[in-house]
Amino acid sequence: MGLLQTKNVTKRFGGLVAVKDVSLNVEEQQIFGLIGPNGAGKTTLLNSISGVYRPEEGKVFFSGQDITPLSADEICHRGIARTFQIVHSFPQMTVLENVMVGAIFGGRKDHENPKTVAKKMLDFVNFPLRHDSLAQDLNTIQLKQLELARALATECDLLLLDEVAAGLTPAELDELSNLIRRIRDSGVTIIMVEHLMKLIMGVCDRIAVLSFGEKIAEGTPQEITENEKVIEAYLGSKAKH
Amino acid sequence: MERKGLVYIRIAEFLKKIGMSPGGALMFVLLAVTPLLLQDEFWTRLLAISLMMGALAMSFDFTAGFININNFGLAAFWGLGGYTSAILAVKLGISPWIGIVVGALAAALLGFLVGILTLRLAGIFASCMTWFVALALMAVTTNWVELTEGSSGLSTPYLIDTVSNLPYFYLILILTIGIYIVLRLVTKSHIGIAFKAIGQDPQAAAASGINITKYKIFNMTLSCALAGLIGGFYAHYVGVLTPNVMHTKNTIEALAICYVGGRGSIWGSIISALILVPAMEFMKGMMELRLVLYGALLILVMLFYPAGLSGLCETFYKFISNKGLFGKMGLLKNVRGQGSSQSSK
Amino acid sequence: MLEVNNLETGYSYLQVLWNVSLKVEQSEVVALIGPNGAGKTTILRSIMGIVKPWKGSVKFLGQDITGRQTHELAKMGLAFVTEDRNLFSGMTVMENLLMGGFTIRSKEKFNKTLDYVLSLFPRLEERKKQYAATMSGGERQMLAIARALMLSPKLLILDEPSMGLSPQNVDIVFDAILKLKSENVTVMLVEQNVNRTLEIADRAYVLENGSIAMEGKGEDMLNDEHIKNMYLGVA
Amino acid sequence: MDPSQLLDVIFTGVLRGGLYALMAVGLSLVFGVMNIPNFAHGEFYMFGAYLAFFSYTVFHLGPIASIIVAVAGAFILGVIVEKGLFYTLRKRSKKQWIMNTFLLTLGISIIMQNGAKMAWGATYRGITAFWSGSLKIGSMNIANDRVVGFLIAVLAIVIFWLFLNKTRIGRAIRAVSLDETGSQLVGINLDWIHTLTFGLSCALAGLAGASLLSITPASPVMGIGPLYKSWFVCILVGMGNVGASIWGGFIVGLLETFSYMQFGAGWQDAISLTIIILILVFKPSGLFAKKGVKSVLE
Amino acid sequence: MKMMRNVIRNRGVTLILSVVLIASLLMMGGCGDKGKEADDNVIKIGVIGPFTGPAARVGEEFKGATQMAFEQVGYKVGDYKIELKWIDSESDAEKAARAYEQAIVKDKIDCGFLDWHSWVSVSCMEVAAKYKIPHFFAIGGTEIVNEKYESDPDKYFYWVGKGWPVPEKLSIAYVETLEEAIDKGAWKPRNKKVAIYGVDNDWGRGFATALGDQFEDAGWQVADKEWVALGETEFYPMLKKLKSLDVSVIAGTMSDPPSVSSFIKQSREIGINSLIITDGLGWVGEWYELTGDASNFVIDQIPQWTTPEAKKFSEDFKAKYGFEPGASSGGLCYDLARYMIKVLQTCNEKYDAIDREKLVKIAKEEVMTGKLTFDDGVITKKYQYTPETFPDLVVDKDHYIFPVIQYFDGKAKIIWPEEWKEQDLQIPDSMK
């Protein structure tokens, strides 16, 4: 039994079924990729895991415990941290304060000084600017680093990454894959939603593919690239006529 | 020379511990001696009222500037504190000193309830909820004549049996400093960070493990309790209480002071109260024109400097530090900032 | 017809586009493909004046339209179907179409355009009275295209028309584009569905990391290994 | 409450609701289209009343002409305010837009109230009646002015409703409230629509003030009551929902008359507010909040 | 170094600002006091009124009437020049007390004069007592002021007399008028049922409650009591209820013109078949423009511009300020201002000097005892206090009384008391 399991999770918005009957099993220390075309329900699934939404059906288990009914902050306390597709930061706080929020409130008690933790995490993600810059002055890439540092500062066991790579240059992508591996090596399990195949194929141990809210494939990167269904979902079927 | 510097730093450290800067402390000391120097009852009274409005604006800022809810019913909590204390004193003969504390507790209780009511709301909707509660409270106060004497007003006993304004001035000065220290300590602590996080991005706050419910309600409760405390002071200082104290225009006054002072700074509210309240007093001869100017000031602040006085000071400080001693740091930051966006190519 | 020269732009600090130049000729279907985050949508948004260009220029029908306001461009005959559709969800299908014809003053011309658009999408005729918010994804996409066509555009720009659609609906959308092509409407198309897109496109540009990486005829690109690799990330 | 009394209550509630609806529609429109929580709405009501008074008594225009002058004047003032202030702010920064504009409208309200006092003094400027005489309805004699005032309100709402739904410009206003980008893409000039919308909203407030001149004489602070009531309505039905604010007007009108009859005049605010608060507790986005129109959580 | 920087950074600017602030405060304070006491021969009178805020209309009348009174003596009493200081109460107890204190401390007023709201009176009484400043003839009339005075007469006698008695002293006139008419057979009511209404504020509640009690004492049955919100303009439900109760008299008070005029107009629309007493209909000059002929037969109690002096005052006022004064605000204020002048003159004659202490003495020895009265009022015959009535004026037919009047076509006809009577109580045809 893995660290995180979703069992038949279904989430609807009005008439639209965003996630349909999805079951996943993520093992400890895995980097688990979640891919699929735009609008396939990847982010909704992440939100259902992290407590932003409550799924209508199905359950989410973390370390064997049912976390489905918990609120976002409680889930964070259990050890699941996340980043957002559209970066969420606290614009009028300094970089350090932003990360400290994660360290103070997300972490389990009796840890070291939040400031130290925050600084450590900022260094860990190689944050390039002064720590007393305001978050509103950062560019998107720096914000993503900031958000990642904040998530890590919660001392999580599971990290949910939602499109961290969007807009990065190839050099930066390499750096990011290294970073993701380093995070994994520090003992954190990762689930990442990503469009950039290069990155996903490079770092993931296992990948699940969503299309129209349903899981259409799961396997190693190799298996996924060879899967006909996946190719069709991505490049589109050739015209039948 | 060395030692002198050391003493200064020690004092500064101590002040910092209680949430005050040397500048702020000096300001309070100056304020404390001003009435002694002036020996003028009117000035003492004016300063006392300015401090009171400043304290009220601070408790407004505590919600508006941090969890980003404009408590549009603040005057009602202020009035509730006053009325509770006054009614206890008039009907049951309880000492106003105790009454003020009870009044603060009553306001805190209502603040707690309003905190729960506004939990699912944000922005203007939360403001309207607090406003509606306040209007309802004002209507009850007006109509529950057996208890409150309705709009005829309630004659309240004085807190201190004296004809001088000086004791009241020092009382409100101590209250204001106390409130300032409490609010500064809270906002400088982890709790303050949680407030800011909730105000700036509730979703990220929740994802970082902040219990939004708990902090939002705590914020409302504390802010309302402080407003109630000041209300108690008001009731036993002025000597008569009518439901008009709960009128929205009083909230607007606190709100204007807070916004002109700059949201989220706490200290901006005191400074702007110390400027605005006396200024309004001296412009009294201008009749309506004074209020027109007041409105124009609000508009100008909102149009051209939404950050208010405190924002102005920050910019001023940054300007000085960029030009002067710390210029290099500032420059460095800019260069680095540009550098990294270049590198994304 | 449309000419983009050395365009550079981005959001606040983040530069997204680097020296992008492209051209669309009369009656052409031009596709713009590339992985997510490559800047395709940003190109379209800066053509439409939603994002202000930092450098470079955009010309439409020989006029410099760099930095013009969006609604003026719409009046000039540029129709843009966004990724989010931007439909008026609280209005009925008919009202959405009426809004599409906002710039048409003559009743006669309006009716003609409306008949034409409804003949393209007979499904919309049936759902005239339905609210846009209650429609399915495919129908919404159809409506978005139909609304854009109500402008009688000289150039129709489509951003990911097949996104989030079921295969049947994808067919409907592509059929519609084919039909437009056969009627000599100029189309600029951004799509994820690379195969289908390249099949119908006269020419295509491949965008990678904010600059144009390849340019060529649609069918030539169809079997290009590089594109496949780019999408599936097989190095 | 016996049936005839009930009928009276309903009747009065409806008469009163007409005014609330007229005010609330404008308030709601401005919030829906421009995201401005307008706290100066009552001052345009006041402005309309003054204009109607001066046209009627000083320039001896007929009732209808006076009301038209008031509506036009309020519209023009609205346009000036929008172009001068909100437009400027919009071009400068849209950060914290709702709260900043809210403060801006507070400033406008203070200026207009006191400006009116400076210009016209604190005296009440009213008239006995536009149309003297009364109309017998059932057991009641209702003054023509009230009937006409109510009819004007209903007519204005109907015309406005038709305008929003059946005309090109009206639809454009709705379109902007639904999707700004989408509206630009079909060729709608946002700046123009914003100015028009604000002007129209002010014109509606001015109409309300002018047509009720014989009931509420013009005075600088007369706008506060109707402003509060229209806010109750808008929050009750869901901010920005123009259609529902019409029903909301009547709901609040009836609610007030009922609590007035049952508990006495002083309690009407307390009772109706308590009910509104309770409704909001269970339906935070308002009674008729439409999904996807404007959300409570910004 | 770093710490030092932090320390400075920590709102270093606060320091600069606060120093500037305090310095400027000191300067302003210093300037304010200069040259204030130079001229001994100036008497400064602080006039409290709601000059801005919701009751600004009253404030304007106060200002105009007081100025007119003092102009007549050329702002001079004996060798003394008189200076008026306007103290804006803004209808707010705290702001008024602050402004009053400012006037006492900064402007060094020698005495105070007037005031409109009772709650303002209460908070200013305290200030007057504190500085031992005599304050003459405040119009804030309700019980709360009397209560405050009675709680410590030695302390609060500086609040020298109210210009308006507690409501019940006036309201009794209505009952007497009706009873007289019934006794004389001018009116045969179909029943002795009365409905009471009042605006929901200190004045309305006090007045209407007293009136109800007085009707009951005279053997009437009070069928209903209604409180009306300030500014209410919708009376159909209430009036329908009153109509169904079939009362022969509807009596009460409202103070704001929109409410009053709506109430009267709507009562005609509903077809109320009762005599209507509306205390306060004529309070503002333009009542007839608002109400029209719906006001026929309505009974009110208000001083009239009956005497030539009164008419002259009203006309002069209108010519000067552009609007018609209300008799009970502008007119009463005019009388009280002249009473005030008389107090000053008496003081000057008696002590050959006017200052604060001497005015207190005059107040105590002459005004409170009833020796110093004012007899040429345009509003009422004689203003006089006695130790028994203090802080109220003596209210009776020979002193301070408002005539009861009935309106016809915008004209008021006095129907009570007997001496001033212009005609008898008229009963509408439908009630005969």
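As written, the chains take the letters A, B, C, D and E, and residue 1 is the first residue of each chain.
Simple rule for what comes next: a contact is a pair of C-beta atoms (placed from the backbone, for glycine too) under 8 Å apart; a residue touches a chain by one contact, two chains touch by 3 or more.
Everything numeric in this text was worked out from a predicted model, so none of it was measured.
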item	value
Distance in touch steps, counted as few as possible, from chain A out to chain D	2
Longest centre-to-centre distance from chain A, chain (CA-based)	E
Winner on C-beta contact pairs when B-E is weighed against B-D	B-E
Geometric centre distance via CA averages, chain D-chain C, whole Å	41
Averaged-CA centre spacing for the pair chain C and chain A, given as whole angstrom	31
Centroid spacing, where centroids are CA-atom means, of chain B and chain C in whole angstrom	53
Two or more partner chains touched - positions in chain E	52, 200, 227
Per-residue multi-chain contacts in chain D, two or more chains	114, 117, 264, 266, 269, 291
Interface hub residues of chain C, defined as touching at least two other chains	13-14
Chain D-touching residues of chain E, taken from the complex the two chains share	52, 54, 56-57, 59-60, 200, 226-229, 231-234, 236-238, 240-241, 244, 257-258, 261-262, 265-266, 269-271, 284-286, 289-294, 322-323
Residues of chain E that touch chain B when the two form their complex	3-5, 7, 9-19, 21-22, 25-26, 28-29, 33, 51-52, 86, 88, 91-94, 97-99, 101-102, 104-106, 118-119, 122-123, 126, 129-131, 142-144, 147-148, 151, 200-202, 205-206, 227
Residues of chain D defined as touching chain B within the complex	37, 85, 88-89, 92-93, 95-96, 98-104, 106-111, 113-115, 117-118, 228, 231-232, 235, 239, 264, 266-267, 269-270, 273-274, 276-277, 280-281, 284-285, 296-298
Complex contact set, residues of chain B against chain E	5, 9, 12, 16, 21-24, 26-27, 30-31, 34, 37-38, 40-43, 45-46, 49, 142-143, 145, 149-153, 155, 158, 163, 165, 234, 237-242, 244, 267, 271, 274-275, 278, 281-282, 284-285, 287-288, 291, 313, 316-317, 321, 325-326
Residues of chain D touching chain E in the complex	5, 8-9, 11-12, 15-16, 114, 117, 121-129, 132, 134, 140-143, 146, 214-217, 219-222, 225, 257, 260-261, 264-266, 268-269
